[in-house]
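These notes open a run of structures that come right after.
In the two assemblies presented below, chain A is common to both, partnered first by chain B and then by chain C.
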Partner chain A sequence: MTRPSVPKPAGVAQPQVVTLRIDGRDVSARSDETILSVARQNRIDIPTLCYLDGLSGWGACRLCLVDIKGTPKLLPACVTLVREGMEVTTDSPRLQKYRRMVLELLFSERNHVCSVCVSNGKCELQAMAQRLGMTHVSLPYRYPRLEFDSSNDLFRMDHNRCILCTRCVRVCDEIEGAHTWDCRGRGIETRIISDLNEPWGESSTCTRCGKCVNVCPTGALSQKGTAVAEMTKRVTFLPYLTLMRNSDEP
Partner chain B sequence: MSLVAVKPSPPSNDKRWKIVDATMRRHGHEPRALIETLHTVQETFGYLDDQALRYVALSLRTPLSKVYGVATFYHFFTLKPQGEHACVVCMGTACYIKGAPQLLEAIGQKYGIKPGQTTADNRLSLLTARCVGSCGLAPAVVFDGEVVGRLDKSDTLARIEKLICAKPAEVQHDT
Partner chain C sequence: MPREIEINPVTRIEGHAKITLKLDDNGVVSDALFHVTQFRGFEKFCEGRPMTEMPSLMARTCGICPVSHLMAASKACDQLLAVNIPPTADKLRRIMNLAQIVQSHALSFFHLSSPDLLMGMDANPAKRNIFGVLGEYPQLAKDGIRLRAIGQTVIEILGGKRIHPAWTVPGGVNAPLTPEKHQQISQLMPEALEIAQRTLVWFKRNLSRFSEEAAAFGNFPTYFLGLVTPTGGLEHYDGLLRVVDARGQIVEDMVPPERYLDIIAEAVEPYSFMKFPYLKALGYPQGIYRVGPLARLNIIDHVGTPLADQEWAEFREMHRGPVLSSFHYHYARLIEILYGVERIMELLADKDIMSPRVRARARPNRDEGIGVTEAPRGTIMHHYRIDEHGLVTWANLIIATGHNNLAMNRGVLQVARHFVDGSKIQEGMLNRVEAVIRCYDPCLSCATHAYGQMPMRIELRSATGELLDQVGR
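Coming up: the complex of A and B.
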């Protein structure tokens, strides 16, 4: 899996200050910032699932799609850089419809059964569905038969709940530096794998730090010994670690 | 901190590893040589096994999971040994609409294999590809590297029969 990194504007050594409009509000930003970060700084919240502060942008979940005047396509705010004079709409009936459709696709793709999930009540996918008013799934569920990896002595991986946000892949690569996780295959066959598609417990690179478990938005990665609705994730370590690392840079 | 890079030794005494080593050396053992190296392994050995993936990952200082991810992402790479003959059914949009799934089903019924599998006698491998770029010929099938278009069920089965009954030709792994 190759990482689609946030593109850097060509030929610009020093970030410039640009002004743009987000939801009718005039805001200023640095030219190397994404629409998402500028919007959040200005207290305009754009829904996201795969984005996590402290990790690189990925653009996987498509929930942060925004409408930019003059661009026929909707663009993901987490990997789109701001430009001078941009006019961004972050909320409209059209965007709401697309976001609900994205959620319905996520729910129908695998077995997201909240009532028997360790993350019930603390799940970002569940919370997002409630927030965006997804009342039902209009698509037929796929009910795939998926594996459950319980070979690690501390944690477990339930592919039934995975939404392939790749937060675990990124935190393992960028923060822990182990790169135990990655994605196998493509399309509907994509799965999160550890090492050479080996059981997690037999991985030679995993440090058992548990960062992947804590950044997972759903119940796909959880701690052993937790029952229904008992898994609480703590992501507070991430902004701290990122801050400390960035402060080392000249 | 400086780490002394230890050059891993090939998994076996097989001379073919020298070809793989040459590819990696040409690219200075940089991680970006991954796809190029996997190409060489695929062409030299016919498939990528765990041993080969481990050796490439270690030599190019690339995470194991990333190597596995790349090897499974591209249809060109296969993780299992292939049969003597390969039949690649294009599953691109045009071929799909023109009946590629029916071709797959027909082949599967006759030879008892699913896409990605090889018959028990090792004569035929059935593979799929996501668009071979011959959409005008839909549905297209690649028989041992030869693209044939506008096929129906009986044509396809006849061609496969001809292919595997022919005298053992040189094995091609172009998929």
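Coming up: the complex of A and C.
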């Protein structure tokens, strides 16, 4: 999997300061910042699922789609850089409708059975559905038959609950440096795999650090032995780790 | 000409069913079939899921007695972990299980069955329901609603919610009892005890009014099966299996629940989604036995709490040997409510009840686990097998209502023969046939692990299937 890292201006040129409008407010930013980052700095919250502070942007979930004046397409705020004079709308009936549709697609794609899920009540997908007012799924559920990998000593992977946000892939690659996780297949057939699609328990690269489990927004990755609604994820470690890594840079 | 009467669906029970009565040329009932018309497949869709999910997954079998499934599933999972759960966890699970018995028995007796007892079997069906009871016997109806609420509240205090709490987990429970919760539960008990005693007094005073029903409602010799304590006392959560025959002779005793398959086997009939368990020693269909409150009070040597022991002695005096009429399931339910409240109070007084050690942690250590408990409606058995990674490969559930399947069929036949006049359908006849089913308080969603829906109607059909008469409700 090739990672679309946030493009950086070529050479050693210092980023420019630009001014733009987000939801009618004039804001200033550095030209190497994303719309999402600038919006959040200005306390304008754009919903996200695949984005996580401390990891590279990926643009997988499409919840952070925003409207940019003069651009016919909606663009993901997490991987779109700000530009001078941009006019961004982060919330509108149209965007709300699309975001709810994105959630409905996620819920209908796999088997998200909240009532018996380890992450019930602590799940980012569930919380997002509540926050965005997704009251029902109007699309037919696909009910795919998906595997449950319980071969690891400490953790387990339930593909039924996976939304392919790739946070696990990114944290394993960018923070732990193991790159155990990756994706295979395309589109709706995409699956998260460990190593070359081997059972997780047989992976020679996995360090059993558990970072992937803690960044997973749903009950897809969980600690073994946890029963329903018992899986609490800890993501507070991530900003510290990235801070320490970056401070080492020349 | 032989004809068929169909009662469809059976009302004021938990789940969906219909009854077919077969009449011979002279209009006499020749056979009766109790069909359970729903199918769900819980034993299949849990395959491949982690064992830690089983208690919550299996609790979804039922919204009335989810706690019973939680307990049986958790016990089966304890076995898979190969742990002895901490004594406090055992006691806390018992409190929740008893609260469930109290609330479910209250629902069965007051909400579903008391309208028949108070209004009479022939009363207008528009009034013969809990609202009719509220109008004419407000105190009794309020008592029933309150008692059920108390049971449900105890479950909520312990587990965080009334239906499908996720508090019971493999290895114990996931939160200890805090002093505040202890106090909240303790405060509810005196009122529950008062209601239980008051209702028993009322029921006993009116018992003679129902002598015809008691004589005809599933009044036949069968075996009885249930759990008992090692000293033969009343047991709902743990214990050993005992079977007694219709004369009260113990035929199997102190059988570890894991050996349930030595005693019973299951048969399948094409007309019902509910399986037919039978006693292996007697074969099918002779191996008919009953479970539930009546069976529990028939198999024990003593109850184990002072007030309930007195009531039990009186109950057993009605009949030499076991009480055989299924009508007395109602009576037995009231005695069990009293026992449940008394026992919860005893458990709350235990010095270790607030100990923080409530969970044993372990990995799956066995391939197979069996959990057997007494649900309100009788013995339930959860039996799971897992692979080396702790994923379920096979599951079998035998549910209380299933055990009673043969007995319910026979009970329907007996009542139909006594009350049905084949020439025409009368409301009171229909209700008596339904009421015998209600005695067993069947939970059909549990028994088939199923879903479905049926409109209410009775049909009178000729041997060729021609519709002769029908009644809708």
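The working rule: the second predicted complex is superposed on the first by the 246 of 250 C-alpha atoms of A that agree within 3 Å, B and C clash if a C-alpha of one lies under 4 Å from a C-alpha of the other, contacts with A are read in each partner's own complex, and residues count from 1 in each chain.
In the analysis below, contacts are C-beta pairs under 8 Å (C-beta built on N, C-alpha and C of every residue); 3 or more make two chains touch, one makes a residue touch a chain.
Not measured: the values here are computed from a predicted model.
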item: Partner chain in contact with A:196 - chain B first, chain C second, else both or neither; value: first
item: Touched partner set for A:96, first chain B, second chain C, both or neither; value: neither
item: Chain B versus chain C as contact partner of A:232, first or second or both or neither; value: neither
item: First (chain B), second (chain C), both or neither touched by A:116; value: second
item: Partner chain(s) touched by A:148 [first = chain B, second = chain C, both, neither]; value: second
item: Common interface residues of chain A - those touching chain B in one complex and chain C in the other; value: none
item: Chain A contact footprint on chain C (complex, rising order); value: 48-50, 52-53, 55-57, 60, 164, 166, 169-170, 174, 361, 363, 389-391
item: Touching residues (chain side chain A, partner chain B) in the complex; value: 1, 173, 178-186, 193-197, 204-205
item: Contact set on chain A toward chain C in their complex; value: 115-116, 118, 120, 147-148, 150-151, 156, 158, 201, 224-230
item: Touch list for chain B against partner chain A, complex; value: 50, 53-54, 63-70, 72-73
